[in-house]
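Listed after this line are the structures, all set down as structure tokens.
In what follows, subunit A forms one complex with subunit B and a second complex with subunit C.
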Partner chain A sequence: MAEFMDLNVSTCEDQSRVLDLISTAAQLGFSTVALNYEFEPSANHRAVPSPTPTNQLIPQLPLVQGRSRPIRVLNRLTIVTSDPGHFRPNAPEYRCYDLLAVRPTTEKLFHAACMMYDVDIISVSVTEKLPFFFKRAPVNGATDRGVVFELSYAAAIRDATRRRYTISNAVSLMESCRGRNVILSSAAEKPLELRGPYDVANLGLLFGLSDGDAKEAVSSSCRSVLLHAETRKTASGVVHTVKSPDTGPAAKRRHLME
Partner chain B sequence: MKSDNKKDEPAVFKRVVSKNASPYNYMKVSLVLEDESTRLTAIELKQFIITGLKSLYGEVGAALSFDLLKYDEDTLTAFLRVSSRGLVKLWSSLTLLGFYQNQACAFRVLQVSPFLLALTGNSRDLQLD
Partner chain C sequence: MVRVKSRYLLCEVNVSDRTRLLLLDDRAVAETVKATVARIHGDYGAAMCSIRFSVKYLNTHTGIVFLRFPKRCYKLLWSALPFITCIETRGQKIPCFLNCLHVGGTIRTCQKFLIRYNTQQLHRMLPKCKNEEEKQQVRKAILNCILPGGNKQDEDILESDDEEE
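Right after this comes the complex of A and B.
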């Protein structure tokens, strides 16, 4: 059976609320959640937020409903770009995040994000009418590179106008990508904005996905995002370097013996 | 049921094979409210669901016929019956319902099945010893 994931759960200063969100997600049957840190370079000239390590945030991870395994919690950074300088490739601040997402606001940046940016997720804005069309060429380019498009549904629950934008943006995205490489996530700020994985898959039908694609959008596509993130961190997923904590002749010898 | 009249014939099992899609789907849903002390009557719940259908699908959606078969006011759990072609509509409108009288709420869809009998137990709640 496929594992369900929700790769966008908003974080806030209030830690008890984050804990509440994570335990609700586990109750609903999500095996993995990603806590989203949003970074908007244009609005405020703050530095990139640094993530709280998961083991510091939650001492005891809640068990996932239906499987006796604790939930996995990841960190994700979303960069809202409105200028080409906003996304700095290979910036060391991005390294501490498990997933990297961009939300382009212009057509040029969308094209660049699809074709060049070294990211995992391209987040589609659902709170406003899209200022550009999704063209076939960049969308296909993103699909070939394994970058996925993300739609979040919490805004659709919050009010009717945003629901309209969510559905219309979703349908126009589906026209160009034909249901492949799409993930559905919540972007929930409160536990009551989270929905179960099967509910989300059903919502995918409303956005123009087929039955199979809708279920993939909460399960296997999310898994491929995680694998893509792994390969981004390593050299094509083949070579992975870690800093060894003990480096000395004794440690080297022990290493050779192993 | 001719065999019932004849006492001497042994009891036979009746096997039912449903080849076409079943006409109805049954859903077990529970409503979670921000203020847990709020109670709804069955009529209020059905009215609330119809409001949700209407806001997402308009008058045509509100005309979708579904039944509230059973409702437990204490746990806010309800059994709904809906025709199979209306399932996606009803389910998505339940998903997108976020507010009941200006307080946050969520429908948790516990089980969905084309057979009412399947809702008697949930394999995910089993405690295996």
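Right after this comes the complex of A and C.
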């Protein structure tokens, strides 16, 4: 049995609802969830939201169904870009997030996101008809760089028109990326909008994924996203610097000994 | 002779308020599934769903449902199940979702899986017990979890499962 992950669960002010969401995900058998903070630079000129550390949010993480380990909770930032200036590479605000995603709204930005932006996930909008086509060149470029495309299914559960948009956008994406480097996530706001991992994998069939690809979309592709996120933080996954926690007191002690 | 093949989906009905599970009956579940399939896959889906679809078993205490689908189109019908958001029964709407746990070719393999699954649930319940008496009850229930030799249902195990809820 593979490990299942849901890399998009909406956060809100209400902490008890977030807790409910996390415990439902654990009950369903997801071993990793990512809490999504959405940031739209064009709509309101507020700063990038800062994530709540997970150990502050939940004192004790619930155990995953069928495993003896507690669920892993990550933080993720989604930037909705409509202007090239919205995504600032190497901004210090992005550093405190485990995962970084963009949702481009124009073709130019989609091209830039695929070829240049230092992100892990390109989120495909599912609430409107896409204003552009997915061209082969940028999609292949993203595949080569290890960036994945994300489809979320909660909007499809909510109403019929969005279900049509979700399926049509999904199928047009699958035509150009042939089912590889795609992840399926929930974007759920309520616990009742989450679905079990096997159901999600089967839902992939509606989106034009084959059996194997659909299963990969909830398990191994998500794992490669996490690994890609780690290489983004470190120098291409080889060198990693950490601030030593006890430099202050240790230095003092040495000073005293002398 | 070759038998007519079916697929049995072992699903769990997840609700926010567990006491409302008791209101469910198999006809309500069957109607909801049929309506949802018709909504998602149109007339073709409705036709496929009318051939050999049935609700084989429903446990209102644990919320476990067995659904039988014809083998040739079970994936199509299954892909409609995530779009169920509520079940209407006795004039009430119960907001819920179905979570598929296992897909089997016979009822017996599903039963085996269900017993293993319920044992797992009891193990998850054990640390949450409040007093010693409850703990003893759960331990006893875990020891009772064996597949009976004949065709006896695992009713008693399921019954003991929800005592601590």
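Everything that follows uses one rule, which is that the second predicted complex is superposed on the first by the 247 of 258 C-alpha atoms of A that agree within 3 Å, B and C clash if a C-alpha of one lies under 4 Å from a C-alpha of the other, contacts with A are read in each partner's own complex, and residues count from 1 in each chain.
Just so we're on the same page, a residue touches a chain if its C-beta (ideal position, glycine included) is under 8 Å from a C-beta of that chain, and two chains touch if they have at least 3 such contacts.
Treat the numbers as computed from the prediction; the structure is a model and nothing was measured.
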* Is the arrangement of subunit B and subunit C around the shared subunit A a clash or a fit after superposition? -> clash
* Which superposed partner A:226 touches (first subunit B, second subunit C, both, neither) -> neither
* Touched partner set for A:112, first subunit B, second subunit C, both or neither -> neither
* In the overlay, answer first, second, both or neither for which of subunit B and subunit C A:196 touches. => both
* Asked: Just subunit B (first), just subunit C (second), both, or neither: which does A:63 touch?
  -> second
* Now for A:19: first (subunit B), second (subunit C), both, or neither, which partner does it touch? -> neither
* Asked: So, does A:205 touch the first partner subunit B, the second partner subunit C, both, or neither?
  -> both
* Classify the contacts of A:130 with the two partner chains as first (subunit B alone), second (subunit C alone), both, or neither. => neither
* Asked: Is there a shared patch on subunit A that both subunit B and subunit C touch, and which residues make it up?
  -> 28, 65-66, 153, 156-157, 160, 163, 192-196, 198-200, 202-203, 205-206
* To do: Would you pull the subunit A residues touching subunit C in the complex into a rising list?
  => 24, 27-28, 63, 65-66, 153, 156-157, 160, 163, 191-196, 198-200, 202-203, 205-206
* Can you name the residues of subunit A that touch subunit B in the complex? -> 28, 65-66, 153, 156-158, 160, 163, 190, 192-196, 198-200, 202-203, 205-206
* To do: Would you pull the subunit B residues touching subunit A in the complex into a rising list?
  => 32, 34, 55-56, 88, 91-92, 94-98, 104-106, 108-109, 112, 124
* **subunit C to subunit A touching residues, read off their complex** => 14, 16, 39, 75, 78-79, 81-83, 85, 95-101, 103, 120, 124
